[in-house]
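Following are the structures in question.
Two complexes follow with chain A in common, the first pairing it with chain B and the second with chain C.
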Partner chain A sequence: MQIVVYNDIEQRSPQAQLNLDEQLLQAAAKGDVGPTWRLWQDGQALVVTRKETHLPHFHSASVSLHRQGWPVVVRRSGGSTLPHTAEMLQLSLILPRGLIVVERIAQLYAWLAAPLVGLLETYGIQVGFGEVKGAFCDGSYNLVASGHKIAGTAQRWIGGLAGVPSRQGAVLAHATLFVKGQMRAPTQAVNTFYALAGGQPHYEERAVTTMETMLQKEVQMEEVRQKLLSILERGDLVDAYGNL
Partner chain B sequence: MSVVFRLPDLGEGMAEAEIVHWLVQPGERVRRDQPLAEVQTDKALVELPSPAAGRIAELAAQEGEVVPVGATLVTIEAEDEEDKQEAVQDTESDAENTHSALFQAPPADALRVSTEGQAIPANQVLATPAVRHLARELGVDLTTVPPSGPHGRITEEDVRQAAAKTAVSSPQRAPELASSSAEERIPLRGLRREIAAHVTQAAFTAPHVTLFGEAEVTHLVALRDRLYPRLQEEGIGLTYLPFVVKAVVAGLHAFPMLNASLDDAGQEIVLHPFYHIGIATATPEGLLVPVLRDADRKSLHELAKEIQELAQRARERRCTPEELRGSTFTVTNYGAFGGSFGTPILNFPNSAILGIGRIDEKPWVRDHQLVVAPVLPFSLSFDHRLIDGETAQRFLNRLFALLSDPDQLLLEMN
Partner chain C sequence: MSEVRDDRRYSKEHEWVVQEEGRVRLGITDFAQNELGDVIFVELPEVGKGFHAGEAIGTVESVKSVSDVYTPISGRVVEKNEALEQRPELVNQDPYGEGWLVKIEPTDWDQEANQLLDAAAYRALIGE
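Moving on, here comes the complex of A and B:
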């Protein structure tokens, strides 16, 4: 199965980037778009889910965070609040279930993680799935390096149930890889948001890491992006996870 | 007719999901496949499409509520006759695939084919093959089970309840002990739940027998000690496991019934033409069994390298689904944790599993002399439906011979 690799270098706002993922997902459900990897970056933002929009002081918190340089945007996948910055790499996988049999949430996470695991291995960083206490947007399918979250993942399924192969639809899995810089400011922004919105701010900077922190040296964003791109275009890692 | 829509198993052994957002309201008309709600588990937001066209009679959970798999979410008054039929058909096919009862209509009294206490002829019992299989496993006579499914169909839950009533083995709630505030209850989910289901299936499907034995492995220890530094240069830690796998393959070649499985539905014994050896591996989340494929075609060097890599990936939960299925025989090494003997449960549908313990120095009689020698303990569990004790013991004897005298083992290698 051929998967289109969309190296999306167009500059858009964080909300516009998320909207594009949603549009691709809807198109895939209709059969207008085939299996697609999309590699992209955006600017600084706090990406919340629709659950956070129900917090009692969501709107005032959003205004306050916007003033502090962290516009709040809403995504439609699962999880909770995740910071985006220009020092992170975003990877989306969109699959129409009519063409590819996707039955399980874990299966989709495995496919999404495969190229990231391959990428990090080329830098000598070993990762696995797991929860990390104190990390923002925590879950069982974080990519974890030496006990620290180095990438967050989430999914959205439309038009068909997970766990039920007889109903089609489309799925979106996306990942945010923390490449450069420190995680203090992003973690503080998430805690500030929850404190103002009426949630529980309890995230810790030390629970999260970046490639640069792991390697103790500077990493060039473009180099990482090109390496990941070549892995995606080679396609063999995906094959190993399920013969797409 | 009402269609009851229950939370299906969306993930890998998930136990529950959160209702994030209702997309419909009571009284609203819905089309078939129209999204009813968004639920979340494992950070996946999943739309639940309607199984039928009709009117929403009731939403059974609130937004933000966490509901267990199988719990009723929505009741729909189905309007379209075709949808009613399809909803029932979906229940059957999806339950086969996911073990989830997705769309179960409450039994209409007129459709009931049995009432409690009244036996009916077996050929009139309505139950899916999976339910019949479960009934056979639990020793339940389906003709005595009151059905609760649509059209008087007997469900898995009906069978389990019947089994519990008659004190036949079935999963039961732990007996209430003196309650304590210090008591901790951990939801059975994820890998632990998968393991629980797998070993339960094995334990209640295949009658197990376990044989024990010991081999004196002085020469094997010497051989491994000689080879160890060579492989260490390549970053490979040579354990005894590759030698055991080689000996196992030779034994399976001689006794193919231990490299077989039983096709229960077809009532056929399947002799596998390849030697895919499962290696039980402890991980922080529980036991995984990555598979060494075509172990007969690999050198000791290749086996050592692959076992190391597979174990590492398993511990990091990075094994591909393909690497975790298809074993024809399994080896479990509890010796790594200091154990000697065990009664391993089969890695179903494998017909046998070999447990190996820790090599310890023990008194041993060699050539009428009492000596102190390294001894490797074995425990072999096998499916007595396929394998008799004699065959299993002869397989073990072959293993003892090969591992006691590794020169013989070298002769066996391709």
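Moving on, here comes the complex of A and C:
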């Protein structure tokens, strides 16, 4: 499978960054874009799903969080609220279903995770899929290191329902890898959002980790990014489905 | 084994439609809900909005993914299943009954329905 690697270094607003994923997805569905990896970084933001926009006090909570330095932006994939910061790496995989038949939700997660698993292995960090109690945006397809969430993942399928083979439309899977810094402020921001918006969840900082915390030493964003980029360009981890 | 009901028509995208007193009720199939996993959120269009066949009318979110849902029938939405706001799991529990999504006033039912799959063809599509 030939996948174009888009090393996206352009600065955009957090909403514009998410919009680009959606634009690539729509373009892939029309046949205008082929299979693509997009590697990118975002500014500080709280990324909510369409579900959160229905919370009773969503708008006032968004205004308040924006004032606190956490603009609230909306993505169209699944899960729940996830913080983005400049100390995280973002990876998106866009596949036209006309070119690549994705038969299972799990298969797409495995393809998305394969390069991240490979990256983390080069640092000696072993990860697998799993849920982490107390982690924000929790789900079965977190990447988990020593019981802590180190990356979040989500999907969006168009042209036919998820998990059902189709020859039309496209799929998007994206991941956020926590590379540097502490997770206290991002976790607090998520909790503040839900408290103000009228949601129930409360999350714990200790459920989430970063590469730096796992390694107990400083890592450089650019170095991590370049390593991941070289793994993507090598392209030999894409077929790791079933081998995680 | 997934349930397929003989009284309705099916799209290749795994939506079902059934005509009831001049209106068309639409939902997703048992096969589809099973593949999706536990549904946790359904976003449906506003009543009164018109759609052409093949257009996305909303989204279904499971614990693992979000999918667009399409209407195989053109027309205007006259009712949406408000119960799904509080109980999205109905899509899993009763996909052909209480888990329906919208009701549409069709503009070209006879022609568009003929282009959809009957139960036997849909069973063949899903390999059952």
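Quick note on the criterion: the second predicted complex is superposed on the first by the 234 of 244 C-alpha atoms of A that agree within 3 Å, B and C clash if a C-alpha of one lies under 4 Å from a C-alpha of the other, contacts with A are read in each partner's own complex, and residues count from 1 in each chain.
The definition used in the following text is that a contact is a pair of C-beta atoms (placed from the backbone, for glycine too) under 8 Å apart; a residue touches a chain by one contact, two chains touch by 3 or more.
No experiment lies behind these values; they were computed from the predicted model shown.
The superposed arrangement places chain B and chain C in clashing positions on chain A.
Looking at the superposition, the partner that touches the larger set of chain A residues, chain B or chain C, turns out to be B.
In the superposed pair of complexes, A:Arg50 makes contact with chain B and with chain C alike. When the two structures are aligned on the shared chain, A:Gly128 is found in touch with chain B, with no touch to chain C. In the superposed pair of complexes, A:Cys137 makes contact with chain B only, with no contact to chain C. Of the two partner chains placed around the shared chain by superposition, neither chain B nor chain C is touched by A:Thr210. When the two complexes are overlaid on their common chain A, residue A:Ala110 makes contact with chain B while staying clear of chain C.
Overlap of the chain B and chain C interfaces on chain A: residues 49-51, 54, 76-78, 105, 109, 139-141, 154-164, 166, 169. Residues 49-51, 54, 76-79, 103-110, 117, 126-130, 137, 139-141, 153-167, 169, 240-242 of chain A touch chain B in their complex.
Chain C contributes residues 12-14, 28, 31-32, 35-37, 40-41, 43, 56, 59-70, 85 to its touches with chain A in the complex.
Against chain A, the residues of chain B that register as touching in their complex are 8-12, 14, 20-21, 33, 35, 40-49, 63-64, 90, 93-94, 97-98, 100, 102, 190, 315-318, 320-322. Those residues of chain A that touch chain C in the complex are listed here as 49-51, 54, 76-78, 105, 109, 139-141, 154-164, 166, 169.
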